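Here the structure comes first, spelled out in structure tokens, and everything after it is commentary.
Should a chain be cited, it is by its letter among A, B, C, D, E and F, assigned in written order, with residues numbered from 1 in that chain.
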């Protein structure tokens, strides 16, 4: 999460970056707010909110058929609202209250004791809470792409709400909240595991459980308006600066370097996808280049505070290749209908990023050496983080969805799917 | 406006937050720019500009018929330009120059004496001026939703320009410029009264005076593209972080807490509207959830620096209920055609927010106690602020519009209204 | 570029603002990161990225026919990716490594030696690099408007890539990298010459070389969706705060004043264009007001750190007039088909801005006096900067395009142009 | 049976539909069209470029009716769609050989 | 020759096209339409305002065929487009005097 | 009177309109259509999914003319719309029973 050399109250991040000792010692000095760090984190919070609404909403909305675009926007918007409230109620506490190795306690439920003056590291504690809130918002929102065009809105709310509390909050605790993965030394700067692998795997499970879209393989399900998707991808990119550089939780050299490597990996992955597609299919497509960019953003997320520019370049290329493969060959071959490639891009990109973080981690940048600097064990540690996350996420997601399906059903009826979710579920259409 | 513990040159805000004494004493120390506070206020200024263009422009543009969308964008854009110039010429001076209890003087007209080195609190004086400029831009822009689809562009320019100088600037002076309302202890952190009640009431008066849209009740006036409205609402939300947290005029705990409560109230109001509509009408709509979100943003605006997260939750719920009622029952019953519910959302939401600020104000957060902490008088004070604003705004708005109507007419001719303002007034159409 | 009173490692900017001596002396103090300045520059970098994607992409995309909108978005997005990589590989080095008076060396190629701890002035060196990267992204992207609707995507990539290295990077070195123009005292705060004149001239040359769009003068080539262009223009405006105020490379009074004058000049230019058009053509158009705004933003760019609000007002008005003339009379009379008026707005606006910077430069603001304060020589210096840039840019652009044309051809075939570049080049369409 | 096709000004659609419903017509099909004729369009100006809009937005209505009500249907459309200004549009009438209701297979007058 | 015009539910287009291709039809032209009839639309509610959607999305298909295959074409469309629910649409048949293939100038049955 | 319907390639619209105006036609109505025929569309690929575009964009023109000028109108359209390549489109001709100018109530040839 962060790699500040300033005092930190949040042990968690410190732990995960291996500077636990220093940090704890440093805490004897009275914590003080740094206005520059605070300024940057206020901005970063706004940027991460921008990623979900309107960023992700548009990225997804442009890719579906015209009759379903509003339903995608609605899902992202409603998730943004619901997760904000749930985070306040108990999510933040489950993730960041001390608790045990697996889940936080209830001490911070309803933001009990959050005062104006409370300090966390060098920023207000309330700011750390709301910054983290925007992560709890985007992660479930990422999943909706997998079951686009066919899930009931009510089921979607139940699913994402419960999922955030049972899957997202604990895993956040594992990695950033002082849980067992941070103790095991798993590196995840800004959420490759917590956010992307997590959302990707949940998407895959959900796509399989809900079944394929009607018309898949027979009708054209082509994106209705990629202009929206490009706006969305661009806002995701811009907002991701807040996501990655904001995860330094300070306005310092680490934040700046995180921004640099984010830009490089994203550009490299976008070009990689574009050139592969150009070579294999004859034309470089808009959907391709933006998909590649998102793949690059995903993959650099865990690595952002740990690798140097050249590491970022290779992570970008690797992720462009892997995500292309995930969204085309893998999906076709395995035969699930992950409508907007949540697994193909966030799942695969997240896994590639997590592993390559172990490869390219650079001691001079983030304090931890990776495989290239002789620390092969880091790759194993990274793999362990992936495995733990995938297992818990897959099992819990499946159970939550199964239960909801038994109680209220997760899939819309045939007529609603045919006429479009916009009209059927929300009583609205675009002209 | 702000609650900084650092020295402030702007008495005004200090006054309104009850820390006048400290602040004045503190001023004996030579004022110095804090780069962190400055960084945040530069950002906040950009965020508030983003609210009007493209935020508000899209929010409104998506709600009208296709033949009028460009006219809405044009109005917002032109207002942005015109108010910026008028603010420089004399608006800023009328609002923030010393003057008397009712209006500022002319000492700052044409930004006379604004030097690069001038400091205001902990930020450059020029930055305070331009941050405030973005408020003077959005307030008149909010009004245009009320008379959408039927006002002449020329009349609109005259109206909003004069209104900003005669209504907005003085009321700003009352509340933030050292005028009588700040002396009376009215709390308005970021502009619930100054911006929203003001715009809402002006919208109501304008809607009544210009008359109903042709076709109301007989033709479909349904929103042509809610995708635009969702983008707009999302950018308003993100930009509002600059509006509310920026009103701390510093990157500190108050700013952070303002951001937190903004997020909570907005989410709560959006969900409240969504669930009411779902219950009463059978479907949760996209327009509903975004309308609720804006209602929540409006209501938390005056309260942002004064309430805690639980207060924000209740303000959000209250405002979701009230704005739903304002945009549906009240409008239908009273029979005016406030096309895009400027009064229903900004007027009602602003009033609810101003009153609830008096209820939930929390001494530990903003230095002032509210009803819940035993200070019932604060609610009365808040009501007084509302009454004063409503009276002056309603009377002045009516007179300005009447005069313009007599001289050049405020309503477009029938053919222009029928064929659309885009073609008729601006000679352009979208495909 | 900047006018910080804090120590600077980048001589360049110092040189161009005449505070070389101080700056070098000041360097004896160990450079230290200021978190406030860093916070602002992180934000500014995000804002400048926002200008290209989605800002410029939408501004341009809305102005073309529906069948070509994706191709414009694709070009902007691909340029963003390609320039990012090329900047890392060698562009940054050519611009900012010491080198000679004409071009930087290769010492910074592949960002060799860029450490997390390296400081540049008061911000991390890596942050300065990535902030500059966003300028290297937008400049070539600006050019694509000139040859919209008819250039091969492959040729476009070759052209913009080579152009950035051969034209943009050296000219950046001349002005900001310690090259001869900075030594000659040319003032260019944020890139009037480096970015806008440069892109404008390249656009003009490219438009002439590629020839007119089919159907020009016979078919309607009217913009298909100005809603997109308004979103784009608004995001350009907001992002430009990062561009201009970010060019102070600090969160200080200069940054704030740069923001103020940016707002004023933009508003003034937009209104100027609107009123001229209203007078001459009978209707104020949306495309007109946003074009004026961009013209104002362009013209204030070189002046932003050097002029006061009244200077900005006149620069805005002058630029509104000149750009209107450039995009209508000049283009029609000269007969070239600069499709989206890259020269008419960026070229003309840049030249007007560069010259008026010499007129209105204000010693109290930026340390240099202009014509109005008796220093007529500054106008001559500014003209010299323009001439040097125009000559090198025009010649090099022509040669690059000629060579590419001979090798792979720059223009799409007739059928692709007729059916639209979206389908022909990218295999995609919008519905 | 007759198929009556009317090209009208878009804002007249609701009035025409109401008028038709009053004469007993049970269904109709409309589509967007653009018309070129005596009515002149506005000129749009985009920066330097002027485009005369020669094709104006119209609505195209198709109503299938039995022979006996054809005249009154035409009359109803004309009355409702007329503003007296150039560009009001046209009504074209065709003989129709057969009509089928897809749902039931009913044919001809029963299908309308 | 006959010109067969069918107004169908949009989601049936692919099935109808397949059915037509199977009967040997080589081409057809479709356009978007909106239909008013017995089928009732949903009500859309935007804040306080309710709008009953009386015009529902339809697809309008035109197929020109020679006289001898007209009946089987109609049958094919009907079978493919029918769901048995209100709003399935109509088929209208017209006599066509002449057909021309623009590319070659071939006329009548050769042009189809 | 005849109603001439032509389905053409979109980029030919301006040429056809000019050609028609030259033969004395005073008005016409056009609408967007999509055509299926011998002409093959491009394949669009979105990530892993390929969609063959079988319906191609066309413009549908309707011109009502008096009997005597029908032939020359057909000829004018054909000449203007032809590129010689597959997909140029079709011209269909129908007999029209009646025409009415909505504005004036004029009928038949006077209404055109």
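The working rule: a residue touches a chain if its C-beta (ideal position, glycine included) is under 8 Å from a C-beta of that chain, and two chains touch if they have at least 3 such contacts.
The structure presented is a predicted model; accordingly, all values stated were derived computationally and were not measured.
S.K.: So if I look at the partners of chain B and the partners of chain D, which chains show up in both lists?
M.R.: C, E
S.K.: Taking C-D as the reference interface, identify its repeat among B-E, B-D or A-E, namely the pair sharing over half of the contact pairs by residue number.
M.R.: Over half of the C-D contact pairs recur in B-E.
S.K.: When the C-alpha atoms of chain A and chain C are each averaged to a single point, how far apart are the two points in Å?
M.R.: Spacing between the chain centres: roughly 33 Å.
S.K.: Report the inter-centroid distance (CA atoms only) between chain D and chain E in whole Å.
M.R.: Distance between chain centres, rounded to whole Å: 18 Å.
S.K.: For chain C and chain F, what's the span in angstrom between their mean Cα positions?
M.R.: Chain centres of chain C and chain F, defined by C-alpha means, are spaced 47 Å apart.
S.K.: What residues in chain C touch two or more of the other chains?
M.R.: Residues 34-37, 39-40, 43, 223, 231, 251, 281, 283, 285, 287, 427-428 of chain C touch two or more partner chains.
S.K.: Residues of chain F that contact two or more other chains, please.
M.R.: If we look for residues of chain F contacting two or more partner chains, we find 31-32, 44-46, 94-95.
S.K.: Just say which it is for the chain contacts: an open line, a closed ring, a star, complete, or other.
M.R.: Here the contact pattern is something else, fitting no line, ring, star or complete shape.
S.K.: For this structure, give each pair of chains that are touching.
M.R.: A-B, A-C, A-E, A-F, B-C, B-D, B-E, C-D, C-F, D-E, D-F, E-F
S.K.: Could you pull out which chain B residues touch chain D in their complex?
M.R.: 218-219, 418-419, 423, 427-429
S.K.: Mind pulling up the chain E residues that touch chain B in the complex?
M.R.: The contact residues of chain E facing chain B are 44-49, 51, 53.
S.K.: List the residues on chain A that touch chain F in their complex, please.
M.R.: 63, 220-223, 277, 281, 283, 285, 287-288, 291, 327-329, 331-332, 341, 344
S.K.: Applying the document's contact rule, which stretches of chain B touch chain A when the two form their complex?
M.R.: 34-37, 39-40, 43, 47, 66, 223-227, 230-231, 233-235, 237-238, 241-242, 245, 250-257, 259-260, 263-264, 266-268, 270-271, 274, 281-287, 289-290, 293, 308-310, 313, 364-365
S.K.: Applying the document's contact rule, which stretches of chain D touch chain E when the two form their complex?
M.R.: Residue list for chain D touching chain E: 3, 17, 26-32, 64, 94-103, 105, 111-112.
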